[in-house]
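Next come two complexes built around chain A: one with chain B, the other with chain C.
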Partner chain A sequence: MTQAAPRAAAQKTRKLPLKERYALLTRDLDWEPSYVGKEQLFPYTSYEGIKIHDWDGWQDPFRLTVDAYYKYQAEKDKRLYAVLDSFAQSQGHLGLSDASYLNAIKLFIQGVTPLEYAAHRHFAYLARYLEGPAPRFAALCQSIDELRHCQTQIHTISNYNKYYGGFHSWSKMHDRVWYLSVPKSLFDDAMSAGPFEFLISISFSFEYLLTNLLFVPFMSGASFNGDMPTMSFGFSAQSDESRHMTLGLEAIKFLLEQDEANVPIIQGWIDKWFWRAYRMSALVAGMMDYMLPKPVMSWKEAFELYFEDQMLGGLFPDLDFYGITPPRHVEDAIAEKDHLSHQVYKILHNFSFAASFTTQTPSEEHSRWLAEQYPATYPQLYKPVWDKHARAEAAGGRIFFQGLPQLCQVCQIPMAFTEPDDPAAISFRRSEYRGETFHTCSNGCQWIFEREPEKYVQAWLPVHQIYQGHCGGATVPEVLQWYGIQDGDNGEYKGSPDARSWAQWHASAAAQGV
Partner chain B sequence: MPVKALYDYDFPSADRAELFGDDQLVYVHWDGNPLFCSAACFRVPRALPFGEFAAQIVGPWAASDPDFDPGAVLRWRLFDEPLTPEPGRSLADLGIGHKALLHFSV
Partner chain C sequence: MTATLRQVGLDIQDAEENRALVDAIKADNPELTIRHLPGLLKLQAAGRLVINRETVEQKLGRDWDTGEFQLAIVSYAGNFSEWDDDQIIVSWEH
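And now, the complex of A and B:
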């Protein structure tokens, strides 16, 4: 068509300023229902007890529109996929610090990627069921972000599946394997709560309070250890993550400003979800301090910087204005920062025969780094145990835990954590409910259990499920088969198929003078 | 505080005793041995004599530690209370119920 467009039409397509387009997209597309009542259209926004007087009080500082959103995301995808292609074509995996680094990435695709998909689903639900048009649109954008993160993570990480064990069947494993029930059950807990509790659990506690502790360690670990694809994914997701953080902060401020009666409800959710998300971050602590051949920073240092300084020192003084106090049990988290990663990696090391990654006793060099990072605890408490493992291995053995562990009813992590004031005593907490005993690992998990026992008695605890006969059989090989774990995915790193391939590839490269 | 829900929220426990028939779950913790990250969980008959429980269930697990000496086991506790386990009496007789936590030291 070469015909010039009429002048009137040209005027109609005049581009409006962004602010105006955003207002049209959100407020102007909203309507008052006339065929059904508001309660029928939005049945989930009152039963949690949260009072909202003015949904237009929601401010979205990003004011995204559909066209701007897609244009920006498409550009980011183009850049990411260019990196993935060139890494795959140049055999980039051979430039990693060591094949054992990939254990961290196995944990990531098994534990985190399925959460992105779960978040996508639940934000889509919020995009339908929140009453205000602005939060609905913000939830829609986040829903699409989460789906994109899930897809790009799969594309980024699946390149390694051609060369290394443990990268297959992660979606099935997420639903079945014992350590993956930790992240899965946390998200199930959030998704089975009401929409406002979900906002505080995922948008605030997860995406705002602890995001720097949960995601940044994986991304900086990737960059330190030569994993360009994962690092590029991290960059690609960064702008989305900052938008999600802003949504989390906006959500909590909006809810607090709407009605004073909301404050104690929100405080209860912060108390619960800080501890839930913090307990899950224990897996990240173990990864940071033990799984990275080139460590970035210690868990303790990251916790002090990202949580104690930025959140307790920066955010909570601001929230004090609304009557919000720092989360319950935060002092227990601070008290265990010198212990957490050692206790968690001990679990993984004890049970990696039943995991889709491998573990190893820290080398002398790595042990020195740990002693520098944890001078008050590592040499006295944890090194002697690793030394005992090393002695057994030198004699040709490998000590695993020949049995199944006791799990916490709430976080589902083996009950390995010690008392806040006694690192030699496991912290056992016990509650009775309807004549049955329930065990929890900490003051925080016990408090969460006793607050809503009727929810947590339903927990699908992997160990108890195995004993009920629901996991493929009564023997380890039967359970591993049901998990989807293949021989060589699991166990000890030294001598594993990954370690052998790695040595072979590098030996032949050296022989060819490459 | 009850769960806030739009319906009557009432579900059975996933690990209630009846699901295990004549068996039950018992946890065992080796106090002060950090080689084991946590206590172990076993499914065992309620009628199992303690002696057999110690020798056939706890022993093989504890032997994950190459230094384990079955003859050195002492100071059994049921939760926080001292327990004198007569080898011939059953777990049920000794008051060791579903999801009970036992401790021992060496």
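And now, the complex of A and C:
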């Protein structure tokens, strides 16, 4: 301590202050184009109607410079790889709470990892095409971050692929399988929008508003269920994520401050993208409440903590200063927080014969936990359904839904959600466009459809595609083969190859007295 | 006035290397509440949270760059209203 002090003082005098370093290494590396016009160099920043008067108004609170970026990222990777190695070397997978936990991780690598890659691509595009040097550099760092996330996730999860089913072919599945079209279509929607809408969709609505709700439950769930590697890559990624959240918040404040005319455009994007991202998070809700053998926190509690308290209570009063109001349809999301996870998991449970993960009826113990978390809805509305499944299974059966569900034209989730004020009625919205009828699952999705019908009529809906003969054939085995799903990846967990291997590995360990 | 009392928060990885940092935050933010979740610590305070380099260095017994905070943070609620060589401040702006 006493020796370190003078050394530190000497060092500090040599080093430029952070603000100056940032100004020199980020802003001052920009130049004015001389032999092409600005419009030619940056052709995409005018057509969305957003007005920017001064790109230097963009602040990066992290004041990140390229040398600091690589230094800290290298340190994060070093820490992560140490955890991965020790977990693999010590057969860490045997210490999981249960093999059924890995269904959450299958959903993650199939649904989320490819989004990281998509984000990497699009932030690289922003790093080229945004006009200000500060947002360009922030986008460049984020692009590299997203590639790191994609790679570390693949690397981490590949260890499980040696022992368990369902982890192969996730990239192909992301492009083809019905439940994965939910995240894929959301990102396709964002990437086919203009650069400013992309910033509001992914950087603000996804990264700032909802990222905590999407990622932190996965990571705490991993920690609680003995999955050290996933927890480590998750937190390693999340530390970048807080920079991404900052980019999202900075983007919205910058755009709102630049011109009053931007406010209604931004509000429209917030209204659209809150609901889009929230609807996709329904898959996370089902995962949190039903797929973790040792649940951490209910969807409802996480929604209240991370969204209602932090965003509606904290952020939106801040944005009120600019004339921004909380997202349209947010009251529908609040109204269904007691229902969402149950309705989603019922869908997954009914259709897991066509999924690359397995599902199971909640055990009595798990059912008690659900009743404690959802006293107002679970005992009356959802437990009876699971009891019925349990009775059928006790008699040697397993109920799967036969047939294909109708999908929402916007979020692409099967149309199984109920009305915000009536849990006995399916929410079913109908719109007409160019003489054809289109269906959506909620007020939010219908509003989004009717705002840009010419975009959403082009949706690649997995069920329609099967009926049109584009998915390998007309029978379930043919479609599963086209999806890349192998026998045993899918269906019921109990009695599955994963469940059998797990029982065998643990029985032999017990017999040896380990 | 009520506007400044909205909660801000920092989520920090629950790890050995972050103990001194969390102690420093506790020392500089007397109103702090800490919630333990698996793998992480959720720090919350009304209106404002501050991290001072000097306090962290005292607790840590070595030099510490405010940039190193990037290795500890998982998430946050609020806005980084200051991040320079000596201080990091999280608050709501309006």
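What to note about this one:
Keep this in mind: the second predicted complex is superposed on the first by the 496 of 514 C-alpha atoms of A that agree within 3 Å, B and C clash if a C-alpha of one lies under 4 Å from a C-alpha of the other, contacts with A are read in each partner's own complex, and residues count from 1 in each chain.
We adopt the following convention: a residue touches a chain if its C-beta (ideal position, glycine included) is under 8 Å from a C-beta of that chain, and two chains touch if they have at least 3 such contacts.
Just so we're clear, the structure is a prediction, and the values are computed from it rather than from any experiment.
After overlaying the two complexes on the shared chain, residue contacts for A:57 are found with neither chain B nor chain C. By the touch criterion stated above, A:414 is placed in contact with chain B alone, chain C being left untouched. By the touch criterion stated above, A:437 is placed in contact with chain B alone, chain C being left untouched. Common to the chain B and chain C interfaces on chain A is no residue. Residue ranges on chain A touching chain B, taken from their complex, read 43-44, 47-49, 194, 268, 343, 346-347, 349-351, 381-382, 385, 388-389, 392, 397, 399-407, 414-416, 424, 426, 428, 430, 433-434, 436-439, 451-452, 454-455, 457-461, 463-465, 467-468. Residue ranges on chain C touching chain A, taken from their complex, read 3, 6-9, 11, 13, 37-40, 57, 61-63, 66-68, 70-85, 92-94.
Those residues of chain B that touch chain A in the shared complex are 1-6, 9-17, 19-20, 25, 27, 29, 32, 34-43, 60-61, 63-66, 79, 97-101.
Interface of chain A with chain C (complex): residues 1, 4, 7-8, 11-12, 17-19, 61-63, 68, 72, 75-76, 79, 211-212, 216, 219-224, 231, 235, 238-239, 241-243, 245-246, 249, 296-297, 309-311, 313-315, 317-321.
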